[in-house]
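Structures incoming, each one as structure tokens.
Next, two complexes with chain A in common: one pairs it with chain B, the other with chain C.
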Partner chain A sequence: MKTNCINREKLVGIPLGRIILLLFFVWAAIPGQLQGAEPDAAALLDHVIFTMNPENVKAIMTQTITSSSGDERTFRYESESGGAGEFSLMRYLEPSRVKGNALLLTDFTDNIWSYNARTNRVRRLASNAKKMKFEGSDFTYEDMGSAKVWKEDFTVSMGEKDRLQSELCQQLILQPKARANSSYSKIILWLRETDHFPIQLDYYDKNETFLKSLYLEDIRLVEGVLTPFTMRMHHHLENSETVMGYESVTYDVNFPKNYFREGNLKK
Partner chain B sequence: MKKVKMRHKIPTGEKRSLLRKEQILSAVKVFLRFHYFAKNPAAATLPIFLLFINTLLFPTLLKADCFGYFESEGDGLQSKSSEYLFGYHKLRLDFQTQPEANLKISANLTAKKYWGKRTMNLMDFLPDKLLEPFLNSSFMYPGEPLSFTMADTIYLDNFYLDAYAGNLHLTLGRQQISPGVGYAWNPTDIFNRKDPMDPTYEQSGADAIALELPVGAYLTLSAILQPKESWDTTVRYGKGKFSFSAFDFSLVYGYFQRLFTHLEWPLIFMGMTESVQNRELLGFSFFTDLAGLGFWLEAARCYNRLAGYQYFDFSDANRFYEDPYLANDGHYWQLLIGADYTSNSSLHILAEYFYNGFGSKKDQVNFNHYLDYLDGKTLTLNQNYLFLSLLYPWGDSVTAGIFTLANLDDQSFLLNPQLIFQSGNNLELSLMLSAGLGNAESEMGLQKYGGRLRLRAWF
Partner chain C sequence: MREKFLRTIGKIAAEHTWKLSGLILMLTIFFGAMAGQLKMNMNLTGLLPQDDPMVEEFNKIYHHFDGANTVFIVVKGDTKKMIAYAERISPIILELESWIESNGSEQVKESHFKLQSSAAEKGRKAYYQRVDYKQAVDFIKNHGLMLIPEEELTNIEELFYDSNLLPFLINLNNSLEKEYIQSNIKLSTMQKERNAVAFLDGIESFTEALQQSLVSEKDFEDNAIAAADAITLGSPYLMSPDRSMLLVMATPNFNIMNMDYYTPAITGLEELVKSLASDMELEAGLTGSIVLSRDEMAASTEDSMTLTLLALLAVFIMFVITFRMLSAPLLAIINLIIGIVWAMGVSWFLVDSLNMFTAMMAVILVGLGIDFSIHIISVYSELLLKGESPHDAIINTLEKVGTGIITGAITTAMAFLTLLIARSAGIKEFGLVNGVGLIVIMMATLLTMPTLLMLREKYRLWRGKEQNRYRDLSFQSVGALSLWIHSHRKFSFLFIVLITLGLGAFIPSLTMDYNYLNMEPKGLESILLNEEIIEKFNMSSDMTMMTASSLAENAALTEAAKKKSSISFVESISDYIPDEKSQEKRREKVSVLREKMASAQTGAEMKPNERILFWDELIRLEANIIELQDMAFLGGQDMVDEKASRLVGNPDRPELQGILTALIASLEGDIPLKKINAFNKVFSEHYRKNVIKMANPETISLEMLPEIIHDKYISEDDKSYLLTLYPKGNVWHFDYLEAFTNDVLDISHSIVGTPPMFYFLLKIIGEDGKRALFFTILVVFLTLLIDFRSLRFALFAMMPLFFGFIWMTGFMALTGIQLTLLNIIALPLIVGIGIDDGVHIIHRYRLEGEAAIGSVFASTGKAVIITSFTTMLSFGSLVFATYRGFGSMGLALFIGVGMCLLASLIVLPALLKRV
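For the complex of A and B:
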């Protein structure tokens, strides 16, 4: 791909051996699926991580939680994310119960700070708190974090090919490494065969029980980035559901240096 | 009224006369009202406040976001042989406006109306042994109450401006300041005293200027001034906070003044007397994450700098009136160690141990200790305390939990089961029961049982 950008004139005078070597490295860097070969699991995971974690994002999001009894709660918040998901800052806009409250997640949700606007207090949460439900929803803090942790904390293997919502999908199976601090024993990613974009994630708890599924729907291209406008998490055991959606989103944003720090929770 | 009429020329025309009469009458009414308010300043608070809201605040706030909550609370408790049933209704209105990206103005107005028993007899909350001198004194009739009354209030709790210039953040005005990493107690907090029975409840604002400046990626410097009548009495606070990965470390300096109201000895000249202590605080706090376990430490060394006011020497007093604060020249340590953990099933466990060198030693509690404690001058009555809490989200809407507050010195503790129920976006109902266990003369054992029902609706 990068060869397109190389000026032909500059190639003149370079020894042929070097050009072949350069072409080899460029070819090796291209994901397998683009070369026509069967992709391996690690390459697919890299592709998923790259697709799901743009460098910078700024969005207004809504989150609607529907409990098993049918009770509904809706939150609206501003979300900012940088470093391809390494940092996240969320400020609640609605409802008034949580208005002004904010959350800062750094190091891929390993560090969590919670700001309560009513008491003007910032409280640091231990990393195990990422297993807690996010505002009582079906998402945990861990689910809200970057997919990048999958690469470090999980082993990845190829699953079956199967049809899902009339789309042929490739399953990718993630299992946490022994040292990983995860609530799950297994996560199955369903990647649609056409572009390997995930459309469903199945979560299994530590007892291998099928716990919940995340459905990524209404996928649109925004500023060149595939964006699921609706993310629906269904808890199979509790029969509850949380729907997160974008009201607005942009990837064309830059955050100042050291923007994702505790002091900015109150801003 | 007649005098006023005689002093003014009455117009000849009937219409003008009526007009004039009304004007005079209203002038008299205004005069009488001001005369009344001059005599009763408390009664003037509401109209002046409404005038202020109407003329100054509303035009600005009309453009502001307006939100808040209504809260209603009912409390019942039995302490010694007395039963109390009381509560309040509270309305909090929050206003917030952001005229420019780097400028934010916030305010909140709080109205609180009490119901039920409003007057508390202090004697019901003190061990009998401390009351013996009063009961035996000819200057105080046995059973005569030492009481305090909760009065209805309307007040502007916070109103402040946030301004940002580059990395510098300035907060100016009446604001909540909540330093420290501890959950139930904060030894490095010189602005508030948390109630360990309700540690996440909002605190009152402090009139202060606060500056915060991030330096590099890991360091944040803060300075707070709470101006008072003179530089000597002005509260000063400085903090340097270093955050790196799983570590937060803060160094704190504080200067503040405390006014103590104590009983003077001998009892025959009994009266409440005041003394002032100027204090300097050097402290630090630390937070780290150990394999998913949160661990924190907050400590402060407080130095006594006498202010030159009269300070009482209780050296010849009996056990009831010994002043422990002069021990070690009045310097003391406060140390808090805490940890929390969240299990895979979302069960949250939190534990804190608190040592308060300013509290009374075991078996040495005197009347003045209780006064200082009830007056918020010391964080705890005794020196060694434990706070344990378990919280479990039970389904989507209910959180069940239990927490205990233990006084390790007199071996008494409060056991508090609680249920928090959330409905929809903006309604929360919480129920807490409380049982005091321990010796009848102990801090927690005094209170036999209690309960609190609180409903809060946001808008």
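For the complex of A and C:
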């Protein structure tokens, strides 16, 4: 009651229009999420795509695949990505058996090229390979590609706000358009409320079955870019898991023009 | 009332000893005859709830299908010898009876003739109805192309354009690239992986045959025919990708429940398998669920006999040492044997056979039943020492200890009988036979032990011997310890609490060992061979079955099963009779291929300028296989990797040279045209013939299926179809078992087989264990309340159990002893067994009062220690069981009884002051 009295006293004598204008400026200066206003789903998706796909990346990565029966396989490779995820080149470093073998993904994984060091041959994989498992892991080639395709091939809508491991998250729901060449019926992105960085992606197959989840963990700031050092894909139906992790990563890299061409795979 | 009844029994034993002896003898002969009928049944089916839909489905499948039980004959050694072995042994298996009669061991012959005479009335059937060791080759020869899925046929159709060697090789490379190299989808499931292995196997045989034709002119015609068959028909045998192991599957005319057949039909087959293998310089053995069941039955039967004797011996020695006399322990053992015979006889009325849990009932009853005699002998000798006559002493003994014995027996029996609430039939029976068995032994002891003691007195009198000089055998040191605790109760209680908290802290880390192989006897051949099958074939012999009511449903289930990553391969009639739509689609293409091949020329001679082309195609073939191999290596398809290694080597194993690489190296660009053309002449003609025959566009109908396929997959009433799913991994490892069972349940809920049954059994037993523990505590407490008619005394009697239970589980966790499928049942049992010590002490305490606390513990404490030690020794003998599951149960009970004894001796003196 006392507070109200004081406010009323202070407001006396100040023109109402000026007060409204002042309040407008104050409101405009506060970030959207603090205002409690509903953020736009499309804008959020743009933010996610921008965050998840830096222009150029060069990294050394490990990939550990654990099958449902507990068998484990680990690979180490060099990964290069350009054009904000449009191109990716992965060259195996370990085990020695496949050292030098490489994979090139272009046009947002529409084209996949495979290079075998033992035969020194380059092969283009069939178009349906995109939906297939990447080297027997729980990732498909489609998962390995750029999030940019979501913009064109998926419709986006806001989901619920919910807690995920004590973190308040905003769900973003992606559903493929009719013409999209995707193996999913729905992808749910869990964006943490603080910075809208995705920490979990849930994938549903064409029968709407909850198929797998990608957990983005150990998120660190590298050269100003938020980077999940561990990406863990758990297949709920097969009870298998693939963990991809960075050994080292840099975004301060430039690739020459035509670097991501199949002709360069043999080099 | 009870005291009066007990005095009457004592009086009868003292005054009508001979009459009572006669009655006991007659009853023992009667129950002994019943006990002789008890059988051992170690099947998992007998342990599951009998109203469970899975058990009903199991019985249905066994009733309608021949192939539901399979004995796997595993042969190892030289490839050609293994094939000859399979061809030779198969007809003998179908007439195993004749082989046994002339070559079987005495044991097998005896059981065979016994079974034959008893089965004569029901109509004699051969032990084995079918033997599978190769595909239905004739059927594939006549319909092969109609069985290939459309997409695959499109990818490999070039293979059927031209049968001449050079175009064939070009087309083989084109097909390989289309089918595998340009799409890893073709290796995405186990079934596809298996197809790739078969494809590579054909190329391996083709390369071998070509190589032999090029190095030697001998047998080149046979080699060319073999090469053509290898590509068109593939290997018909169930051979591992590295060709070092071959499987022969024998389907019995009996099922896993017919244990009478185990010795003649399983052991008899084993003798045949090993003797023939030895003759042919091969190794061979048996595996499969039914073989494992036979092995478990043999191990548990042997364990049951030897461990019961071991337990009796241990108890006897313990008795002699503590009582420092020979006759009384001997009488106690005789009494115990009589009691066990009665209990086993009664068990035959209750259950037909003993299962995995009840197999050791005799050992458990030795441990528990001996206690009654100990209490009687202990007090009887004390009273004689005090100068009472044998007549009075026996009457007073029963009056003093009889109520304690009855209460102790009832509380322990109630703990067992509480297991009747379990869902698992196995645990229910365990509770029933042990609970009732204990009551029977208690009744037998109350009648027999006084009678035997009186007989001994009469014998002494007859022989004119003096009455035994009994010594004071009470444990004075135990009495002194209890007095010390009693007078330092605050300190003692603090010590007890600290120990309890310390051990209790470990309880959360107590884990469950779900690996059933750790329960099995070590080194069982059936288990080792199954593991070898898994390694060589990526497949386990522990199959799971389901049925479909129509061909369409069968096709849908087959497709769904083939997509599951935990399933190695699916046997289904859909592989021989595709649905009509698919056949319609294939027919046109198959017709075109037939016409194309019919009009193709054979025996086209390779020209000198084509040699380089031929060489290039061999190099291309090698490169294609290397790429397929690397793709398989990255994708974890080990069988394909292994198979490809045989053709192109393996960078990780430089010593291994692939035969294709070796062929290319041996040619060094120089193609021997003459030899190639001679090979081609036969090869192209035979290949063409095969393809024309296989490209039969006729729609396949059920009537066209050969009997060997029909009987395997279609029920006797032609109403349902059987699908058999083979797991990829070892189902006895829980993580894999869970993944496999979930995959199978995802396809259908009407499933049957050892893996899902074992999975549900584990789940049910876990739940049963928890429920039984809760109810046992409740029942034991209510029994105590009725017995003592005092809440305070009932609670005091529960205290040693409370502390002992915490100490036991804490100690198990501390020492890394895990809970298992069998020892989890020990937990509710400990409640029933561990309560006895406190009951006896409190009974005596109430009779003698607080002032006599030292003598209560010196006297009753002695009996409690001896009974606990005998129980521990008896349960401890289970540790020597070959069936290790019994060992895990024995160890848990050993620790539990020991901890409850310790708690009785140190917790009760500290508590009783407060009363």
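Definition applied: the second predicted complex is superposed on the first by the 230 of 267 C-alpha atoms of A that agree within 3 Å, B and C clash if a C-alpha of one lies under 4 Å from a C-alpha of the other, contacts with A are read in each partner's own complex, and residues count from 1 in each chain.
As a convention for this text, contacts are C-beta pairs under 8 Å (C-beta built on N, C-alpha and C of every residue); 3 or more make two chains touch, one makes a residue touch a chain.
These numbers come from a predicted model, not from an experiment.
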- Query: Who does A:Asn258 touch here: chain B (first), chain C (second), both, or neither?
  - Reply: first
- chain B versus chain C as contact partner of A:Thr119, first or second or both or neither: both
- Message: By the touch definition at the top of the document, which applies to A:Asp71: first (chain B), second (chain C), both, or neither?
- Response: both
- Message: Output check: A:Asn181 vs chain B and chain C. Expected answer is one of first, second, both, neither. What do you get?
- Response: first
- In the overlay, answer first, second, both or neither for which of chain B and chain C A:Asn239 touches. second
- Message: Just to be sure I read the superposition right, which of the two partners does A:Asn101 touch: chain B = first, chain C = second, or both, or neither?
- Response: second
- Between chain B and chain C, which makes contact with more of the residues in chain A? B
- Task: Answer with first, second, both or neither: which of chain B and chain C does A:Met132 touch in the superposed model?
- Result: both
- Which of chain B and chain C A:Gly224 touches, first, second, both or neither: neither
- Overlap of chain B and chain C contacts on chain A, residues 65, 67-69, 71, 73, 75, 96-97, 116, 118-119, 121, 123-126, 128-129, 132-133, 136, 238, 240
- Residue set of chain B touching chain A in the complex reads 67-69, 94, 96, 162, 164, 169, 175-178, 181, 183, 200-203, 212, 214, 216-217, 220, 241, 243, 245-246, 248, 287, 289, 291-296, 340-344, 346, 348, 393, 395-397, 422-426, 428, 458-459
- Item | chain C-facing residues of chain A, complex | 65, 67-71, 73, 75, 96-98, 101, 114, 116, 118-119, 121, 123-126, 128-129, 132-133, 135-136, 237-240
- Note on the structure: Given the complex, residues on chain A that touch chain B span 65, 67-69, 71-75, 94-97, 99-100, 107, 110-111, 116, 118-121, 123-129, 131-133, 136, 181, 183, 205-206, 238, 240, 257-258, 261-263, 266-267
- Task: Would you pull the chain C residues touching chain A in the complex into a rising list?
- Result: 177, 181-185, 188, 565-566, 623, 626-627, 630, 633-637, 650-652, 728-729, 733, 735-736, 738-739, 742, 746
